[in-house]
């Protein structure tokens, strides 16, 4: 059953970008990006460091406004509805350091409730909520850390708390900024698989930046390559289930490695 | 020419750990770790998240004291000499956010100078120092960020500033905590190669935690696997240049993936 | 199954009885203050108090010239009254008050910045034994300096020194030096230590690591505290009117003694203007520093 | 072997901007203000040398400091509590005045610090830049500044003249500037917390108040509470000084003994006050350690 | 507690012109005597400075107060219907002493010592009759100058009379002025060395201290209570009580018009009736 269908209030979130530019003082992080993201698709963003992946994700999350061009989201939901249905796993995790893991995960559902109910749900959670949080933590392998202070965790543990928060939120648009950077390969694969399963189960749209193009090609329907703020690669899974456009030459070009020069 | 030879003042830094334990309140991050690290060797630490990699690196850096067991460093240098010769690339980069990239890199050499000269070298650098910093930044591919404010950089750019700082420091012991977590695979390989070259060129000891066991096996003399604070894998490069102990079964055991467990 | 696990984890969670007791003791003390008879809040709500307030505002605080002026001229009379007082007395008194506060705050800040790396217990290399002893002594010094209220210090120093201005400055500088030593030290302690530790681990001396990696990061906070103490010094030099040097405090005492509450309030207002200006300066300075590279 | 860099700069070129500009300028301006002030006051170092008569008093004071009183120096009227009890009673009342003041200042200061912070108004996204929001914020900041602009003793003087003798007014006169200071420092602490947690909550639809109370305040709270605890220590000192105005805190007895030239009693009271402050300081450290 | 639960108490205060620790037991004694004679509860309220005593009277916190000349005038000007009811036999002829430190090179004399000009000088409390207002009045009358003009560096708020005496004795100031009675009491008690703190000039006499009653007392305790108060005060003969009142020779009835001259001086100096 796909929960995030076009008929659901916040369901089926997709985007149309038309020549979108995001310029910071002295630096254009995205330039003339045109792109259509179908609701329910799973998309990987790859590209060298500084290419604009984080910037694109923040744009989709509504955390940034384009400085040029047009961004439209498909589906007639309000901004608030969309936000409540958007899960964002940030590159720096964006956790509240002094709170317990439990509270940080519970905070994922704040968008659904009004202020009072939301606060109650974070600071005086129901037994059912605590168990749901525990379940989300178990899925990313850190069930034991439920009551630990978040700033005492290792890098990878913090990253998984951020992922658990997004799982707990049950979003229809899931944006992940290098969600597995601090994880070992086996756990990385599992987490990516988890995100894909979640998206498919719910019919959610998933956009993830990853550094490992093999992970991208193996798990995602669509792989978009960014370089210096521009799209230089856009590959969809073919009938055979392969990403034929992800050739070594294309990747060489994307990452722009020219050995030996300075 | 190996600069960091046993004869040089801070050269040839190695360690002997004897049943070392590091316990935090409620959690032992390292337990009964016994290990000899030869001066001049290149060592990769691998293992699942929370295994104790960061803790071991901090121990070697002298940032933590063992709560049990004994840690000896080989070579008769003073603590200050050793510190000046130790470069540490932190998992969270440990940069001063409000300073420029230039200053953050210059800080790498503070250990060599007295107080006044050190401060002068950071805030009023000589032309030669600025050029050396620029060269270090060029080696990691971010030469043009020389005068940017560090907190305005992308994740990968910040990571490379931290690496450049360690390069600029010209250390004899180089400790790197997931130095390529925020980098794409191509850049990751290059950075690891850079670190290896640097270590070999100078005769420095290199200890690096990495998540990608293929990177570890390909570039490092020795690969140590940690799990739940204990060493479960210790592989040295064989005559043939291969890590024969890094079998799929050993890795499976190390990362200990059992889906659905807690 | 999960419920059991959750319950086990909940039982094992880190908790601090110390903090709970602190909260309980403080709440209990505050409650006792209000209901125990030491502080009588009900008396504040007698009708007599309201009458007094009305009288104070309409009679005591009303400059005679304004009271006597006809409707439209009241504003002009108020302006003339204030201008004359400010020009003849309060402007120079305010300048003296500000000058005392500035000198005192600078001396205090200098002392505090020197003490801070000593008092901070978590700076690079802080765990060594001699370092802990130094830290303890520095803290003790700070506590002694600031435990005696500046009002009492000024009282004592005023009897010792020939220069009332110096007595005032020293009293403020000693007291505030103790406070800044602690606040600066605490800022260093709470500051993100990673960068400084990284420098120190890279071999930089403690001083260099502190000054180089920590001070730039904490400078805005240091400036916050400096200006906050400057303000405090202005406020305090305003009340130190008993030393016989012509500050705003002097005129406040004179006006109150003569029952000229209108003049007293004007002097209060002058003091408030200086404090507000210090606030503005603080805001500008911190913005400049924070936005600077 | 290196990674391609997209552009190069003239590495040997001059550093275009003085890296310390605004900092150096600010510090230089402060130093200049100090020099001008010292000139204006005509300060010279000779003024730091005690006058002849000062040496006598100074000697007496130091002598008394070494031998603080353990009982009353002179005969006291019958019914006066024993000296240690008087000290303890005075300290206890000092603490009560301070606790009463903080119980008003803390909630008020917390509320005002939120309303004065940039971070709170940024949480409103759309209306954050609206003139109405700006007006409220500026009004709150002015209110805070006004509360702080008068010393607690001056508030006490004002209440004494305008309302009359009343212990609650004395407590309120400490609470007003303290709430102002808490609000000011608190708003700065709130503004210095990391932006990303609250931003992340809002990205996922959390409202302004929820983002504030879950994403912002918890991060600022440990530092804020440890600062508030330090202010409690300051409130104790202020309550002590209120004794100079006749309230039954320890300052009253310091003033009386000084007036009677019973310097050894003065020191006994001062040492008691110092001991109290040191105790609160140790307590405060414990609190801070556990909060951070 | 709530005010209505207790019968009304007569609250009295006294100008803190000398050591508060000494005033406290004395006025408690006075309070208990008045309570006995008048049959109402009498409570002594301590205040710490002159202005505070006037404020307490104005704000209705006390109904009967022992004021100085000036503070009495201020209090009665602020509270219409307030009455001066008693003063000591010496109070109509009160004086101030100008005193100088031994080393200041000043000698006693009959006329105003003009060589005080430029000396470091301290007055008493800014609202004191004998420590500030009358000396300043005479100074202005004789020299035609304000204190600042005449002395240069001058402490206009030197505190209680005893502190002025001590400061001059120790040489913190070259000279000062205080209540003659305090000076003589301190010398008699051996608390002040008249050689070190030399009396150099005595002002002409003027009316000073007085007991002043608030008009509230007649409302609170019944018509004619003010007169009963006056009677109770002037009929005291017990030497212990008179000593507590600091008027060993006894109290006599007073009325507002006894202070007409000082009221005129206050008016002239802008202290009242601005």
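As written, the chain order gives the labels A, B, C, D and E, with residue 1 at the start of each chain.
Going forward, a contact is a pair of C-beta atoms (placed from the backbone, for glycine too) under 8 Å apart; a residue touches a chain by one contact, two chains touch by 3 or more.
Predicted model, so just to flag it, every value in this text is computed and none were measured.
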Next item on the list: Compare the CA centroid of chain A with every other chain's and tell me the farthest one.
Entry: E
Next item on the list: If you tally C-beta pairs in contact for every chain pair, which pair wins? Let me know.
Entry: C-D
Next item on the list: Quick one: report the Å distance separating chain C from chain D, using the average Cα coordinate of each chain.
Entry: 5
Next item on the list: Using mean C-alpha positions as chain centres, tell me how far chain A is from chain D in Å, no decimals.
Entry: 44
Notebook entry, point to check: Quick one: chain C and chain E, Cα centre-to-centre, how many Å?
Noted result: 37
Check: Considering chain D alone, which of its residues make contact with at least two other chains?
Finding: 1-6, 17, 19-20, 51, 54, 57, 161, 163-164, 244
Next item on the list: For chain E, write out the residues touching at least two other chains, lowest number first.
Entry: 59-60, 172
Note to self: If a residue has to touch 2 or more other chains to count, which residues of chain C qualify?
What the structure shows: 5, 12, 14, 43, 48, 52, 159, 216, 256, 292-293
Checklist line | Touching residues on chain C, where the partner in the complex is chain D | finding: 16, 18-19, 22, 26, 29-34, 36, 38-41, 43-44, 48-49, 52-53, 56-57, 60, 95-96, 98-100, 102-103, 106, 139, 143-144, 146-149, 151-152, 155-156, 159-163, 165-166, 169-170, 182-183, 186, 190, 216, 219, 221, 223-224, 226, 228, 231, 235-236, 238-239, 252, 256, 261, 264, 268, 271-273, 275-276, 279, 285, 288-289, 291-293
Margin query: Under the definition above, what is the set of chain D residues touching chain E in their complex?
Written below: 51-54, 56-57, 77, 160-161, 163-165, 244-246, 252, 255-257, 259-261
Note to self: Per the contact definition, I'd like the list of chain B residues that touch chain C in the complex.
What the structure shows: 25-26, 61-63, 65, 80-88, 90, 92, 94-100, 107-108, 110-115, 118-119, 122, 149, 169, 171, 262
Checklist line | chain C-touching residues of chain A, taken from the complex the two chains share | finding: 100, 127, 130-131, 134-135, 138, 143-144, 146-149
Item checked: Residues of chain C defined as touching chain B within the complex -> 5, 12, 14, 127, 194-195, 197-205, 207-209, 211-213, 216-217, 290, 292-293
